[in-house]
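Read from first to last, the chains carry the letters A, B, C and D; within each, the first residue is number 1.
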Amino acid sequence: MTTKRNRRLRLGFVGGGIGAFIGAVHRVAARIDDQYELVAGVFSTDPENNQASGADINISPDRIYDDFSEMAAAEAKREDGIDVVGIVTPNHLHYPAAKAFLEQGIHVICDKPLTSSLVDAEALETAVRQSGCVFALTHNYTAYPLVRHARHMVAEGMLGNIRVVQAEYPQGWLSTPLENEGIKQAEWRTDPARSGPAGCLGDIGTHAFNLAAFITGLKIRQLSADVHTFVEGRALDDNVQIMLRYSNGARGAIWASQVAPGNANALKIRVYGEKGGLEWRQEEPNSLYWSALGEPAQIITRGGAGTGEAAAHATRTPPGHPEGYLEGFAQIYLDAAEQIRANIENRKPDQSSLLVPTVEDGLEGIRFIDNVLKSSAADGQWVDF
Amino acid sequence: MTTKRNRRLRLGFVGGGIGAFIGAVHRVAARIDDQYELVAGVFSTDPENNQASGADINISPDRIYDDFSEMAAAEAKREDGIDVVGIVTPNHLHYPAAKAFLEQGIHVICDKPLTSSLVDAEALETAVRQSGCVFALTHNYTAYPLVRHARHMVAEGMLGNIRVVQAEYPQGWLSTPLENEGIKQAEWRTDPARSGPAGCLGDIGTHAFNLAAFITGLKIRQLSADVHTFVEGRALDDNVQIMLRYSNGARGAIWASQVAPGNANALKIRVYGEKGGLEWRQEEPNSLYWSALGEPAQIITRGGAGTGEAAAHATRTPPGHPEGYLEGFAQIYLDAAEQIRANIENRKPDQSSLLVPTVEDGLEGIRFIDNVLKSSAADGQWVDF
Amino acid sequence: MTTKRNRRLRLGFVGGGIGAFIGAVHRVAARIDDQYELVAGVFSTDPENNQASGADINISPDRIYDDFSEMAAAEAKREDGIDVVGIVTPNHLHYPAAKAFLEQGIHVICDKPLTSSLVDAEALETAVRQSGCVFALTHNYTAYPLVRHARHMVAEGMLGNIRVVQAEYPQGWLSTPLENEGIKQAEWRTDPARSGPAGCLGDIGTHAFNLAAFITGLKIRQLSADVHTFVEGRALDDNVQIMLRYSNGARGAIWASQVAPGNANALKIRVYGEKGGLEWRQEEPNSLYWSALGEPAQIITRGGAGTGEAAAHATRTPPGHPEGYLEGFAQIYLDAAEQIRANIENRKPDQSSLLVPTVEDGLEGIRFIDNVLKSSAADGQWVDF
Amino acid sequence: MTTKRNRRLRLGFVGGGIGAFIGAVHRVAARIDDQYELVAGVFSTDPENNQASGADINISPDRIYDDFSEMAAAEAKREDGIDVVGIVTPNHLHYPAAKAFLEQGIHVICDKPLTSSLVDAEALETAVRQSGCVFALTHNYTAYPLVRHARHMVAEGMLGNIRVVQAEYPQGWLSTPLENEGIKQAEWRTDPARSGPAGCLGDIGTHAFNLAAFITGLKIRQLSADVHTFVEGRALDDNVQIMLRYSNGARGAIWASQVAPGNANALKIRVYGEKGGLEWRQEEPNSLYWSALGEPAQIITRGGAGTGEAAAHATRTPPGHPEGYLEGFAQIYLDAAEQIRANIENRKPDQSSLLVPTVEDGLEGIRFIDNVLKSSAADGQWVDF
């Protein structure tokens, strides 16, 4: 639940001003395991909101910056400058912001999807490599203890060769054109200028893709997709159907939707192999259903019997005392802290901290988006990955 | 729960000898509501098994026949000949058997899929039309009370225009080559000579297709499919991924699998419209989840508050006393009985009895199989329906 | 699923006329496994309803009787007289009706609770013993396959010594005084003249008691109870709290209520021993939750892996094709048929048929009612069993 | 999710050294909403562990104290002394520790149960009253958003007059004598010297009691109890059955057990009134089941449709992104912060912060323990509350 430390890492943020959603989540996540102190930031492109947001969370006025370039430069010069920056802006700013800090040798924790274009994603991957910095991508669902345990089970061969992977992420909140009603969360997610060419696909489809990749370790060989927009006037997709062929011969499907009333964040994954099947649902993350072929299904609980080190490392409370979304997010921050400390101390990080999604994972996600759009534009033709 | 009658309808069977599964189900289904007496049959192509099977269920020896042609001819001649025949053979015999009885003016209750080829299906549709007889197809899942209620809700417009339909039917029992181990149920289902060109697709994929059509009333415009066989040496498919485009613009997916360990008969359907979403699972058929947009989800229970006449007509026990698979099957027999009596009495059947799947529904199912195989053979090209 | 037979057993009924609930249930149950033909009865104390009810189910007019004494005498005289009578009247008639048939050597299948008084129950137990006839009590919940499997698991010692038994049967349908609104089901259940001194306690509390006894095989040593009536003007109890001490030292509780909105027939039992715990819910009867100490919980499914002969004997459909209330009821009729045939044929019945609740079990149930009322009247004093 | 502030409140702890469970939980809870900085403490009675524990969480060496009296005195003298102390010791130290700080005008956040004896509880209640300080009792389950919403629904009269309250808290972890195997958590919980006269009853039974009181607002008039110890050699109870009579005439039951394998922290409450019923389970805290009489059950989700201000105040993430145990705990700390700030600023606290359990609630809990033990000792006699 904690990692060795002498001092808290100094953390700044780009994005996450008053009215934003994910910024507040990142800040809580950074606090839970007490590895960071938040000392600087640029919180909004609106100057007034920026100042107010910084003041609201007790940031010293001289470290509330006008833009991320200024912030990167200024913090790099300070003796007590930030060790790491969290980037929680709309997608199109991920790349330029991350680049600015990486060039100053400042580590980066970045929200997903990696970028708003494949070009940016490739450039960012290069930038990270060249910087030698830690880059952690907050595909937070991978940090739920039982997701890590599922990955462990697959890796241990408990399922045998994987045959079928069914991932889905339905939501219902964009069933109507909320983007026309002043709902900020809806506005930028449906705006190509800020989100890139993918709507629902980029926002939640990538989570489903990433989760499947994380748990199974499989690579997609080909995909065929049908991307659609239901809500009239919406500029980006709100429903995506994808069929998958994996390089080991496995088949699969991804469905992501924002027009499925009754679903909030109903991310779910099922993995079937020759020797058994797994099911996990994000909305009840403390249970994992495991069916060995020919045996009764088991309910594996977080912290309970049948889980191992990978899950234990990511667990804060005993079984029956549910953990949730914030703890998963916090785990990304905790593991990133260990990686950053190791980088600073010029040592190898603990093995247990290495499950955090990387810039390469993010690049795969952007390639996924690109290929899905390509296939859909070609009327569902199978596209090689 | 019952329908008016003077006498039980006289019923014969083709198929369903000792060792068969679905034959016994049909016989129980025929008894539950006391509309039929079972008086004749040909139960097996194996003469010994045929005699033993007939004796076992108290069929008079002179009405245990050697083959269905003989049976049709003989029963048609008797004053107390059967009113209706149940056909519960492997798929390839559905058409010739049904035809033989229809030509004698004997009504037919037939298991699904309709036939083992599109040619047969079209011919059977013609034969039914020309005969003027009742033809009931036992897509039994449509007869669960809450499935009928779901259909009613869609028809009433409670969901608004439908946008997304997700249907799936995973099983795990064919994860290994059971067909090589003398398991009769596995043998004929994986044998093209008896099942036709579709394995998992025909056996359970058609159920998912039919259920979606029954509930939504929508027609498929196009589909794109990826049909696959995982178990080495298996002659037919055991996993199918399908993407759907409906003629109203809705999107959807069907997944059917027999290599998904942990699933028994996990048929599930979700329907999302502009105004709300529905979810129903065959393994817990007494609950229907209904989410009106912007309101808490409701659990509608069979017989409970919020259901109406369509469900009530198909309900035998009060809410909380679960009904299951056999009762659903029985409902098909009950409603068919009313249709047959009306036919005999030359009157219109009760409206409530008309939800039983017809030969046209069966033909649609065979077209579905045909189109899925066509699309998959063309590497997933969208095929017009 | 079936038992050997030459001919169907001839069955009559007392009770179950048009408008009754449980009578129809018994008739379906008797048909499902094809062991009985229904040939005689007295269906109502109202002559007109009696005739109409008999006609409605095709009973020959000469075998629709005015009262049970006449019926018992007349049927006993016929060569083709009934083998067995089903008694489905309000509680107060169970004893006199059963007695009349037992005295004629006619076997009895009787609804629960056994009688409406302890005196009657003891007399009936004597009458059964003296008659040598089969007496089956339709505590139908004991016949669910997974309830029988639970009993088997306890008997095999899988739970070790039992420590805690929590049984409950909440309903909500009597939250308002339905008995004043012409609801027949509510009227007789809340009428001491027809139900005896216990309302909710006798109607459903005895089911919970019986289920706990059936699964655990334990005897209650002492109980302490608080019996209460919430609905104003109601003549019998509608909520019961009971604490239990078993003779092996186990503790337990029973809660039965008819004023718990949101519950239909939410009978549930949990049994905890030194080595593991079990949970079963009537409304989802096809799953049994089993937790061996220190291991993940298992979901044992009807017909699935991990069940044995006891469950298989009571199973009609494969796992994933749910069975329900009527199949459980049918199992009582099927097993009673084997017992009756064995009695007629003067042989030992199959061991598998002997799990049907007996008159002794019924007598225990009436003692339970008596003791609960005694304790409650003494302000909860522990009463010896 | 946050409350106004100029500075973080200075917080110290008594208890919670390395190896303790609940101390770490309190520390995370204090961090989540960023209202506190942890600056002082006495973490263990073992000097070495005390120093190590303080160092581990970066406490300045001069503020790691040898005992709570020294700490209270020293901190009171410092200009930058703590505003508030968290007490997370075994039960017997709650009173003396709290008293020491209250006498110095230092606010207290204290774990439950309030004390290890009724005498202490009454004295502590007096001490709090006389001090004018804030005293928050971490009955954390009351702070789950949907528990607060349930309370709101009852208070609004949505259930009508309450009739039945069923609360339970089963665990299985003490099914064997873990206290003999060096498990610290088991040792003190089964040791009368540290826990007081109640084991399971005090540890988790009080949670069930408190939750029922919190949601319903009802007072118990009388209770009857059967307290039992199953594990041989155990000094305190491990299973408790209690029947309740409320002052409004409602009936209820509480069951708490630590010998129920398969249960982790399965706290559950059901409340039934004239107009509807509620069900909530701690292990799936993001759903609340609500059944209005005669309507389908609703699943009310945290943050979703149908919840109001009380729940919103305690909610950090949108519906579908589950919150858990730590967030509930954090809410107590957040609301306590507002109360403490208001006290410091000599103003009325926000109404929304006043749901935190108080010393009076804690005293009720100790009276509950006392009455349960009294009734059980008197063989279950009803004891007036």
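For the reader, a short list of remarks on this structure follows.
Assume a contact is a pair of C-beta atoms (placed from the backbone, for glycine too) under 8 Å apart; a residue touches a chain by one contact, two chains touch by 3 or more.
Just so you know, these numbers come straight off a predicted model, no measurement behind them.
Residues touching across the chain A and chain D pair largely coincide in numbering: over half of the numbers involved belong to both copies.
Rounded to the nearest 5, the angle that brings the Cα atoms of chain A onto chain B is 180°. In this assembly, the C-alpha centroid of chain C lies 43 Å from the C-alpha centroid of chain D. Between the Cα centres of chain A and chain D there is a gap of 34 Å.
Centre-to-centre, using mean CA coordinates, chain A is 55 Å away from chain C. The multi-chain contact residues of chain D, meaning those touching 2 or more other chains, are 263, 290, 297, 301, 304. Of all residues in chain B, only 163-164, 166, 168, 172, 175-176, 224, 226, 228, 230, 239, 241, 243, 245, 249, 251-253, 255, 257, 259-263, 270, 272-279, 289-293, 297, 379-382 touch chain A in the complex they form.
Interface of chain A with chain C (complex): residues 290, 294-301, 304-306.
On the side of chain C, the complex with chain B involves touching residues 1-2, 7-8, 21, 24-25, 27-28, 31-34, 56-58, 171, 263-266, 282-286, 301, 304, 316-327.
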